[in-house]
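First subunit A sits with subunit B, and in the next complex the same chain sits with subunit C.
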Partner chain A sequence: MSASTETGSPAGKTWKSKEEFLGCVILTDWILLVILFAVLLGSFHIHYMLLAGDWDFWIDFKDRRMWPTVTPIVAMCFAAAAQSFFWTRFRLPIGATTVVLALLIGEWINRYDNFWGWTFFPINLVFPSALIPMGFWLDIVLMISGSWLVTALLGGLGWGLLFYPINWPVLAQYHQATEIDGVLLTLADLIGFNYVRTGTPEYIRMVERGTLRTFGKDVVPVAAFFSGFISMLVYFLWWNVGKWFSTTKYLEIEEV
Partner chain B sequence: MMNLTTEKAVSAAQADETDTIVNFKPAYITMGVMLVFYVGIRIYEQYFGWKAGLDSFAPEFQTYWMNLMWTELPLEFVAFCAIGGYLWKTRDRNIDAVAPREEMRRILTLIGWLAVYAFSVYWGASYFTEQDGTWHQTVIRDTDFTPSHILEFYLSYPIYIICGWGAFMYAHTRIPQFAKRISLAFLMFFAGPFMIFPNIGLNEWGHTFWFMEELFTAPLHWGFVFFGWFALAVFGVARQVLDRVIELSKEYEKDVLAL
Partner chain C sequence: MKSLNLQSMAKCATARVVRLWILGLVVAGALTTLPATPAAAHGERSQQAFLRMRTLNWYDVKWSKTELNVNDEMELTGKVHVFSGWPQAVARPGESFLNVGEPGPVLIRKSAFVGEVPVPRTFSMDVGKDYEYKIVLKARRQGRYHVHVQINVKDGGPIVGPGQWITIKGDMKDFTNPVTLLEGSTIDLETYGITWTYIYHFFWMAAAAAWILYWFMTKGIIVRYWQVKAGKGRELIGQDEKRIGAITLAAVLLAVLVFYAAANREFPRTLPMQAGLLTGISPIDEPRSTVAVQFKGGSYTVPGRELRIRAKVTNNGKEPIRLGEFTSAGLRFLNPDVFTTRPDFPDYLLADRGLSVSDPNPIAPGETRDLEVIVQDARFDIERLSDLAYDTDSQFGGLLLFFSPSGERQRAEIGGPVIPKFQAGATL
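Take a look at the complex of A and B:
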């Protein structure tokens, strides 16, 4: 089946016509983009669910301290790596938006089909966090500045600060206070207690606790600012991780 | 004379038809079959997960779940060996003589392989992995071989490994740039997600020691994360493929820039 000599065209010529070339290149460009999208979806999703999953799975984990701290930091890794690839190699300011869109597609399919469809949790309990405006922000900063340094500093800080406000329109209703049997709790807590999971017990639920809680209104800004600070550092690191994975090096067969 | 001319024209047209350079049909069909298969599997687990998947000591668990696992594992091993063996056996033994058009055809076939690999990575790493999270936070496990594990670890992961292996071997046996040397990016793109499978050993070992259901983000799971990062090497593979496409299409460089 060796086909080296079975070619119909003369040696040295790749394409039969300009039309064939253009049609083929445009089609394969699209397929390569779909490949990138699907692979980023899979790898980002496994990264995100196993590093920030619990805060993203359950409405009663979406608190004012741990959720806005952990989630943006974890999400920044793939946003920075994708920006590094798409911007450095193609000057496309779409990396961050593309990966968060991919992640959210994977998550929404899962929350409906599995969390709701297989284990029967209501969508109110398990909807994922919004991230797309943060992706827009990071891509716009990179596009306007053209600098990964500025994007790390300004984009990274904004990434952390934006997370809570963009989720607030959906989240606010679940943070309303309610009283059950003399106990004051939020609507999110109430939903969580009604759908018992292994992550339900209070000693497990990693939500706000300690002295910061007594600061009341300051919790979110402090958490978001800290998250933005770490996101800056993560951006530096993962920009280079993305660059490293874009390698075109070859190894000699004897080396492997 | 007329007949001769017509015959020549017909045979030229036929030769032209068989000389198509791009054919993604096999990739589309494979992805279609995979989609139907996974939807079928999902329906199976919807029904038999609750009906027969709650108690691993029950006879029905053996019937509906363990038998499925003992069927899929050998089949996957055979498929892995068969695909690798076939591609190696039919390798191009005269790789230096590949004409540019044939090389381009093979690069496009490789893109088809990569599309299938990417699709299978979605199912394994995204769909079935997060599904595992909700199942194990709902149903307490009494075995390593739970319904979600039998479909996630021992079905969807081996399937993406087989697809990645096929893509890697196709490139290594047919495309000059990947045949003479080993692409570091391609090696990582295949080997990183592959290592997620052996990492199940660590995962299950840990689960037999500790009750880890309470947090899906438990450190025991971070091995999966580490090896999942290597899928980012798709960046390097895409660059290598595109670089070669550009090299083979120098004559139309201006047309591409005009797009």
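Take a look at the complex of A and C:
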């Protein structure tokens, strides 16, 4: 057998040309991107629904204290892990943005198909929390600093602080006041009351429950700082979880 | 030859992979978008018998309409007795919410009252008292639905009352939910703010997708991996890349500021969400019952679906009385000697010949009589109250309703342990 033929590649090589080789690399890149995106979408979605749950499902759970505290903290887990994977293995500054985009796409499919399409809850009751600018923030802080320590401290704090302001442009319209039968309500409260949820009674909402009363009405900044602080700690932990998940281990042939 | 095979395999694999991806996407799309069979029931029968019998006793439940057009309103009204022998296993109704059992918001709840008090929020009830409720519902989605009254009790769960089939005609596209804001304008809450919500979210999602694709298109994944592996990771993010990042971050933060300021400018007066427990709601204000009932024992014959209650009944009123009804868990067992006409009530919950007494003669004023009350009907079994025999707290509960010749009704609560009787060969 000759080393090469007119139609085949050189002996011992699979690719006929550099162009073909690069084409295969690009195709594999796309397949990897789609698989990674789907895996992150599914796993982060489950994680987020279990931990943020009702706070993210319903507009009348999105209060000034619990929602901006809990949601960024639980969202930080996958953002940090994905950054660890994309940054240390590929120097790609897209980890946090990718997971939050994947989550948002999964959530929107869920809210539109299931909540609206199957059970007719209006979208203004069930839209998810916005997270994308937080993803940009975390990725770009990591890219510019090149340090996961700086990203944990600065990025984590900003992650918590940004959450409420980036959601307010949608939320504000639902915090206008109305009155029903002599009771003062926001539109968010009223949507929750109007559109019956058999399994979600009003008392399971945790609207500004807690003992933090010193700061009067300014509970959002305090909640956001606390959320940012915990997000820092979560970042440290989950960066290492991501690192552990992105290790590659081989079995020696003798072990098989 | 070997390389030829590998090449052809690679080509086949590529084509096959693409086909599999397309097939997978089609299947995933179909699974998530095809219509699902609507749920017609809410699991009310699956709740334990003792829970349904000894927590809330529903009576006088009425649905003002059973056929509506989209946008029509109806009232769901009735009374509920909070059972004195509330089971220890269930949290007391200190925090309760008046709810509706329906398959999604096919009717929306426009208002809800307990007594005269509007209850869009959680309220408190006292054990042993009776409360009157009213829920105003507005038809939203066409179809035929089973609609229950329901009270959710914190740490106790949902307690479902009687349900009625409601038919809604028309088209949900025509549904509107006008609401007047405190500042005076009127909006349609059904669609309010949804377009802006989509625009805002999809703007950011498009920005994120552009960011990801930008970095993906510059050297992709595999080449970057090789470079990092070769110790050239620092070369991948140079000053140019950092500059792009800084500009992007500045643009993102500027956009956040602009959106935030615009929201504050457009909605200068906003409130925090309103929440908190409504307490002090008055129970039904009516004279104390003139009938005293003392439970003396009971049994339940499992194969016969027959509950026998022995009770000492004292009539402290001025008229003779007769036992006309036993109601429990939303079911009504009627004495045909007293109810000569069938009341308007869902058939699956109405046993119009399900009640008899050992002595059918009226109990005279001032008289005390030992009665044996027999409750027997297949509905007892169909609604799974027979499972009482398998509950950890095998006590029944309910209301006895007595009637005088003038039509006056007296209520008396009754409940206590019952002994199941199993007959040979019979099973539940």
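The criterion applied here is as follows: the second predicted complex is superposed on the first by the 228 of 256 C-alpha atoms of A that agree within 3 Å, B and C clash if a C-alpha of one lies under 4 Å from a C-alpha of the other, contacts with A are read in each partner's own complex, and residues count from 1 in each chain.
In the analysis below, a contact is a pair of C-beta atoms (placed from the backbone, for glycine too) under 8 Å apart; a residue touches a chain by one contact, two chains touch by 3 or more.
Computed from a prediction, not measured in an experiment: that's the story for all the values here.
Contact with both subunit B and subunit C is seen for A:198 once the two complexes are overlaid on the shared chain. In the superposition on chain A, A:233 makes contact with neither subunit B nor subunit C.
Annotation for subunit A, partner touching more residues between subunit B and subunit C: C.
With both structures placed on the common chain, the touch criterion links A:109 to subunit B and to subunit C. In the superposed model, A:118 makes contact with both subunit B and subunit C.
Applying the stated contact rule after C-alpha superposition, one finds that A:127 touches subunit C and leaves subunit B untouched.
In the superposition on chain A, contact of A:24 is made with both subunit B and subunit C. In the superposed pair of complexes, A:81 makes contact with subunit B only, with no contact to subunit C.
Judged by the touch definition given at the top, the superposed model places A:60 against subunit C, while subunit B stays out of reach. By the touch criterion stated above, A:208 is placed in contact with subunit C alone, subunit B being left untouched. Common to the subunit B and subunit C interfaces on subunit A are residues 1, 5, 7-14, 16, 24-28, 31-32, 34, 89, 109, 113, 117-119, 121, 197-199, 201, 204.
The part of subunit A that touches subunit C in the complex is made up of residues 1, 5, 7-14, 16, 24-29, 31-34, 60, 62-64, 88-94, 97-98, 100-101, 104-105, 108-109, 113, 117-124, 127-128, 130, 132-133, 135-137, 139-141, 143-144, 146, 162, 165-166, 168-170, 172-191, 193-199, 201-205, 207-208, 217.
In the complex of the two chains, the subunit B residues touching subunit A come out as 15-16, 18-19, 21-22, 24, 42, 45-46, 49, 90-95, 97-104, 108, 111-112, 114-115, 117-119, 121-122, 124-127, 129-131, 133-140, 180-185, 187-188, 193, 213-217, 221-222, 224-225, 228-236, 238-243, 245, 248-249, 251-252, 255-256, 259. Contact residues of subunit A toward subunit B in the complex are 1-16, 18, 20-22, 24-28, 31-32, 34-43, 45-47, 49-54, 57, 78, 81, 85, 89, 106-107, 109-110, 113-115, 117-119, 121, 126, 197-199, 201, 204, 206, 241-242, 245-253, 255-256. Subunit C makes touch with subunit A in their complex at residues 1-4, 6-7, 10, 14, 17, 21, 32-33, 35-36, 42, 95-97, 99-113, 118, 120-122, 140-141, 150, 152, 154, 158, 172, 177, 179-183, 187, 189-194, 196-198, 200-201, 204-205, 207-209, 211-212, 215-216, 220-225, 227-228, 233, 236-237, 241-242, 245-246, 248-249, 252-253, 255-256, 259-260, 262-264, 266-267, 269-275, 277.
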